[in-house]
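Naming follows writing order (A, B, C and D), and every chain is counted from residue 1.
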Amino acid sequence: MIQNNSYDADTLHEECGVFGMYDFDGADVASTIYYGLFALQHRGQESCGIAVSDTSGPKGKVLSYKGMGLVNEVFAPENLEQMKGDIGVGHVRYSTAGSSTRENAQPLVLNYVKGTLALAHNGNLINAPQLRKELEYTGAIFQTTIDSEVIAYYIARERLNSQSAEEAVRRACQRLKGAYALVVTSPRKLIGARDPYGFKPLCIGKRDNSYIITSETCALDTIGATFVRDVLPGEVVTISPEKGIESDMTMALPKEKEARCIFEYIYFARPDSHIDGVSVYASRIKAGKFLAQDSPVEADLVTGVPESGNAAALGYSLASGIPYGTAFVKNSYVGRTFIKPKQSSRESSVQVKLNVLREAVAGKRVIMIDDSIVRGTTSDRIVRMLRDAGATEVHVRISSPPFLWPCYFGTDIPAREQLIAYNRTIEEICQIIGADSLGYLGIDRLKEMAEGLPICTGCFTGKYPMEPPKQDIRGEYYDKEIDLERKMSR
Amino acid sequence: MIQNNSYDADTLHEECGVFGMYDFDGADVASTIYYGLFALQHRGQESCGIAVSDTSGPKGKVLSYKGMGLVNEVFAPENLEQMKGDIGVGHVRYSTAGSSTRENAQPLVLNYVKGTLALAHNGNLINAPQLRKELEYTGAIFQTTIDSEVIAYYIARERLNSQSAEEAVRRACQRLKGAYALVVTSPRKLIGARDPYGFKPLCIGKRDNSYIITSETCALDTIGATFVRDVLPGEVVTISPEKGIESDMTMALPKEKEARCIFEYIYFARPDSHIDGVSVYASRIKAGKFLAQDSPVEADLVTGVPESGNAAALGYSLASGIPYGTAFVKNSYVGRTFIKPKQSSRESSVQVKLNVLREAVAGKRVIMIDDSIVRGTTSDRIVRMLRDAGATEVHVRISSPPFLWPCYFGTDIPAREQLIAYNRTIEEICQIIGADSLGYLGIDRLKEMAEGLPICTGCFTGKYPMEPPKQDIRGEYYDKEIDLERKMSR
Amino acid sequence: MIQNNSYDADTLHEECGVFGMYDFDGADVASTIYYGLFALQHRGQESCGIAVSDTSGPKGKVLSYKGMGLVNEVFAPENLEQMKGDIGVGHVRYSTAGSSTRENAQPLVLNYVKGTLALAHNGNLINAPQLRKELEYTGAIFQTTIDSEVIAYYIARERLNSQSAEEAVRRACQRLKGAYALVVTSPRKLIGARDPYGFKPLCIGKRDNSYIITSETCALDTIGATFVRDVLPGEVVTISPEKGIESDMTMALPKEKEARCIFEYIYFARPDSHIDGVSVYASRIKAGKFLAQDSPVEADLVTGVPESGNAAALGYSLASGIPYGTAFVKNSYVGRTFIKPKQSSRESSVQVKLNVLREAVAGKRVIMIDDSIVRGTTSDRIVRMLRDAGATEVHVRISSPPFLWPCYFGTDIPAREQLIAYNRTIEEICQIIGADSLGYLGIDRLKEMAEGLPICTGCFTGKYPMEPPKQDIRGEYYDKEIDLERKMSR
Amino acid sequence: MIQNNSYDADTLHEECGVFGMYDFDGADVASTIYYGLFALQHRGQESCGIAVSDTSGPKGKVLSYKGMGLVNEVFAPENLEQMKGDIGVGHVRYSTAGSSTRENAQPLVLNYVKGTLALAHNGNLINAPQLRKELEYTGAIFQTTIDSEVIAYYIARERLNSQSAEEAVRRACQRLKGAYALVVTSPRKLIGARDPYGFKPLCIGKRDNSYIITSETCALDTIGATFVRDVLPGEVVTISPEKGIESDMTMALPKEKEARCIFEYIYFARPDSHIDGVSVYASRIKAGKFLAQDSPVEADLVTGVPESGNAAALGYSLASGIPYGTAFVKNSYVGRTFIKPKQSSRESSVQVKLNVLREAVAGKRVIMIDDSIVRGTTSDRIVRMLRDAGATEVHVRISSPPFLWPCYFGTDIPAREQLIAYNRTIEEICQIIGADSLGYLGIDRLKEMAEGLPICTGCFTGKYPMEPPKQDIRGEYYDKEIDLERKMSR
């Protein structure tokens, strides 16, 4: 199976999107959550789920439904109507191969000493294995391989020593190391939490008399809500009809220690979103402009590899004065489940998804902008397609620095040996992908891209905002259950 | 939706069937478990699952798959082949409305301090609510509403103080009150446990160099295995290549305190099974003979309501000399998912499933044997069908005593107010169902039916082998998640 | 895939069942047709369909739906409600391997010169290949491989020379050679036709102000309709609000030339049906009595192989005085789609479906009655199971004569070389199946079984009521489209 | 259900795409046809099908599979492998509501006097009703409501008087009036035919030793084939290993009478295709340039409504010098089956699919280019979204003239009363959609767009290349079968 937006799986994957909502007027929230998740679909296409409850009903009754697939495959609209409830949370998920089972879909719904919670989480904990062990030694059992279950246990245990659900959430968070953007619905409260480094985005919106906590502002636009503010790094936010928005900043770090994931700006987030006050679209335009300044080249056309390269290409064009144009047509029916038949193999994956507009490139010197090169296989192919269509020169510009290090905080970067930039000079990479020249965005430009916000550059520099785990923690729990679900449900 | 084997849902439901297997030669067990579950399908038609692991592989890697529906709907044979493993456990489940979700399907697979366990369970714990509370107050979270999760927690916690997995199972069992027949697979052991009263059946079989622990002997016959012996009430059995079958009788009660569920003999178990040395078929023949002795009547034909009334009808015929015959044709395509269209409603559920053989009954005085009357709606309808087909008299004989009390140990008996026998004399019931005479099996005959084995007669007498819970415990957790799954998956 | 009611596919297959209905009061008929098809499910489990139209609506508007599978798999009740119409026809189909595609499902809905017809057909035409060729040479195109399409063409063409739809149906029928029971809905008429030999059953029923034409009376019972009369061999029946039931006997042959398929009585029809005034159940009881008279043997128990051997077993018991009993338990979840996993193969198909009641047979001399032996593989297995369960002697009695010849009229009998009776004496067959003795029903008894009605005995005697085709006509068109549908839809 | 690429169903629909292939080396073609159809998916998303046969196998054996949905929903790759055959044809289809049933899916496979044909067709015949009547009066029956069945009949009938399959195809075509691009596979020949007006595109490609006839050149690119030439208006092309490409121009009209559908260039075709030597992309760029010349306006940004407005926007920018930019983000998961839940209705369809990039438009005078306005509801909404995002002026430019007349040749234009341009001035339309100014492409510019090729402008001018039918022929057969299929299969 080939992911959407990817040519040859040669792209990175985000892990999750969250969307919680509480309607103080008591209206049902399930179908709005559905729309919200639909707007966040780019953050995870493997599974999704919604859990709602009725704040005026019996305490602890949660209706939930999860499944493998896209939100409009999993949810039939007539059935959303059955999910009655004025508070709820939804989740979309991408996962690395092996643990992509329905059991691991979120939200996690659980009964604990104080009732019922639903919990959705985006990010990756680096101390999850230790926390699991610790919990197991005090009698915990684990039915999934997701970090959310670890978080849920700590909330449940801290609840015994806490005055409120939000205090339990905060106390639980204080044990976590890593990246998390969390939405929890307790019977009468909508709680959001963001790790002190602010790796993952989380924001608050409002529509009439209802509040939303979600991963990206594009989900607010889609449902017609107004942006209120971002949840701050290290903040625990509690929303209730009685007290509105309450904030607990106990966990917060000094601002300079924050470490937003720069890849949200480069690639993950939708361009129409704003994260911590910075427009994703504007940051990509800016990256293109920096490339034009730092890696100039004479050419006749600047074009982006769709969709994610387009904004940077426009920026490059604006800064360089070289005309911007579309050079590619993407087959818009390439979906999550496009599966290659075994064939005499004349048809390549890239060609099936992308075609070059001969008229646009023939006889021209082309600057082709992409957001990143992972293994390099796709870039090589696309450069060749441009040449076959008559481009006289192909200059590749990448709107991020070269990948060199693993990410421990939720981005699925392959092993170093598979990274094209590992142990290679830029010239060598340029030769491999067959370009006339190659330029990467400089590491120093990243912070500018994010308008000065403190960012994490670990995958480029190997310098992480916190001590990385000794061994690679990914995969330890991943193979417990093979992906029988998908195979069986076909 | 209407259950298989039921006319108008006017029948009782069993809750589960279990089938565990360990092949010492290392051959895969999944497809044999599949056949075993198929033979146990009558014990539960709502969901099923299989979990296997490879004793020579990495410790704690369990492959599991569960789903809503019949075993041959849930499992595609080509995919059973992917479930590699020489030890495993399977489960079929019936559940009361409301908690029939995929989350609640078994086996439960869990990681705990000592690795990974899979667990399948038949029965009902009367102290589950208290145990849940107790666990919650020490930091447990619950993701399902099934008792197995409670049991799993206690196994995990006792494991910290135990020398072995089987000791942990036994220590966990000692905290449980109620009915349970349990199969657990630890990485290198197949463990079975039966509650001290022996409510639910559990037996051991052998085929070549592999061992089986399962609910009924019919599953052994189906897979070509030999019956070894029953697991005894109160016994924990551990099977391993090193030590063969080991037995721990610590929990056992004096034999006279045992309390087998008599409904296994009357209705639940397949007639070709033997439970604790007693043939189910023979016990039903016997019940028919007792009815002939205790409720004699002159007639021309004895017939059974298919399928469960047939054996008792044959017994009645043998004892009375009145000829046995088939009076009904059952539509063999009435399955679990036969759904009535909303219609002008001329077609009744009973008529769709059952037709009378006019030739067999016209002009005859008929004795019609059924295993039980719950609400009475079906009996009334069938008596009328017999009369319409020309029967001159219809005498109804029931191979069990009247239901009067709730069951706390796993049988889904409706509320007293819905039971036809509640607050009515036999004459009144006879009138309601329109029969010429009506006879029930005497309570004193039940123990004879089971060849003297100590039995539980709580549902007839209100005398339970242990103190029943103060309030009805069923339902407390049942409504947490409505059956969206079924609706959504259609 | 293994058919329902079959052990090892060692049984015969019927090809179809039809159910047409016209409600003069204008009520919708789709859900009643659904119930009718459900009652006829034993006549065909591979595909089914319903087509309805509204006699008060625009002429020629037919709503139809067909699919692969059982009626309750293909039709969702909520959608039957969308099939508005007061006249309609339904069909269930079994087909030989290869042509089991959705394209070949019935009813066939077609536009022709006079509007729209829907047509459902049971039987087999022996001159279909010639008729197809003839039609092709006058410009016909064929989109299916079913005989119904040939019939439809002739109706369409004869309509040009006919005064009425029924005249066109009759004229078309006069060109057909072979077996057919046909139901046609024209915009305002329900038409039934039965071939002059009367191979296949067809009868008329009534419920309030609506009429039914269907294959078997059991379908009338199921929907609460009254039996009116059989459609006669060679009769074309037309039912309309204006004229009620009209009859055209132009095609009829002298009564002694009629040739009903005796296998309807022996095995195909449901025992609660009556065909041409003869009870199927009674005819099977009679077959058992004849066997007792003609092939007596001393024994302790008479038992039937479920379900089809039970009635003959009861007849044998009544005539011989040897007690009747149940010796087998059949797994009632063995459905159309029970699929064997590839396994270490210890589990046999017969064992999975059937188990012996040890208590019933141990130490006894058993007479086992079955309806037929095709290849003999199943009989051999069942005899062995009885011996393994302790039967001291096993005497097999078959309620039909040995199969020796092909059927050209709709029964799927395998090639002669595969028939156990071909070129073998009864003693040799007895040895092969491992029985102590073997007796078949005498050919002379068949007519008595059917109470003197003229029957076809071609498959036993090779004497057919009409000249058989020179070469085997089956299969010529069958392989055009492989069964991709089933494979793809899984 | 909402179509892909559409906001509010306020777009036009193409009816079909075809892809035939013959591999002279005998390799299987099914998976390549699959890729070809995937590239043509934009031409029809409701149903699809593939039919293949083996030229070295038994004559007339065709394997076909069709289904409702996208090609990668209908075809599972592992099953394409079962479709063995070196010649075949595939089809994607869009259909107007009502006749969207599986029965109407193509290719049509039929047996006729000379063997078996498979046929796929794009276009609309205006004399189909008369041809149907004529055929019915000579004994034809119709099982579908598609024109292909009419064509198939004429091929079958003309075959009786023809020397070859291609002659029969040509003779059949000579009876057809209207638009058709046809691919037929006879047992050993691949035949293509295009109507004399050339309404619909059809071209020939080659890959190694195999030939392709398909709707658009983008399908050739996708499978790595080389473009050979277009099939000419009025040409019948026959491709065989013996004679290569043969051409029959009997039907051809004088070049000036040709009448290509201009909407292929404006909207239907993929921009990377070339039709009759004209690049679709270049023609759209040109349309944008014409708009800039004919409807100039001062502004800060030119943007296209994605995807179809982008090329014209680029053209406008190039001609006007006003910078081009992206103003919208489209949710790329909006698929064919995106279904709106009934909701409190705050979420609009447009907003769910499209969001404005505030940064790109705030404070700017925006020129927004779209390919057409049908009902106007979407345009109104998008203009408002731009203003809400801060655009100070919104000038709308449409790269086609106003729709005023029905299309009889395959484009699904709504009734005149629903067309916003009907009976309104451009100023009135501008007011309705809330724009500051509005400009349409001039009718005189259309021919220039197509580089002087003769085109059909019927939908803009009411002047058709042939006499239109007296009454609207669409819909006559469309409602025969409601879309039960879709509803049932959910």
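Here, a residue touches a chain if its C-beta (ideal position, glycine included) is under 8 Å from a C-beta of that chain, and two chains touch if they have at least 3 such contacts.
Chain by chain, the UniProt names read as follows: A, B, C, D = Amidophosphoribosyltransferase.
Just so you know, these numbers come straight off a predicted model, no measurement behind them.
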{"item": "Lowest number of touching-chain links that must be crossed from chain B to chain D", "value": "2"}
{"item": "Centroid-based (C-alpha) most distant chain relative to chain A", "value": "C"}
{"item": "For chain C paired with chain D, centre-to-centre distance based on mean C-alpha positions, whole Å", "value": "47"}
{"item": "Interchain centroid distance [CA atoms averaged], chain B/chain C, Å", "value": "36"}
{"item": "Centre distance in Å when chain A and chain C are each reduced to the mean of their C-alpha atoms", "value": "59"}
{"item": "Residues within chain A bordering two or more other chains", "value": "75-76, 490"}
{"item": "Pairwise chain contacts under the document criterion", "value": "A-B, A-D, B-C, C-D"}
{"item": "Contact set on chain D toward chain A in their complex", "value": "4-5, 27-28, 31-32, 34-35, 38-39, 41-42, 45, 70-73, 75-78, 80-81, 207, 218, 221-224, 270-272, 279, 281-282, 285, 307, 310-311, 314, 318, 323-326, 329, 331-333, 335, 337-344, 346-348, 351-352, 355-360, 490"}
{"item": "Partner chain B, residues of chain A touching it in the complex", "value": "60-65, 67, 74-76, 79, 82-83, 102, 108-113, 116, 132-133, 136-143, 149, 152-153, 156-157, 160, 477, 479-482, 484-485, 487-488"}
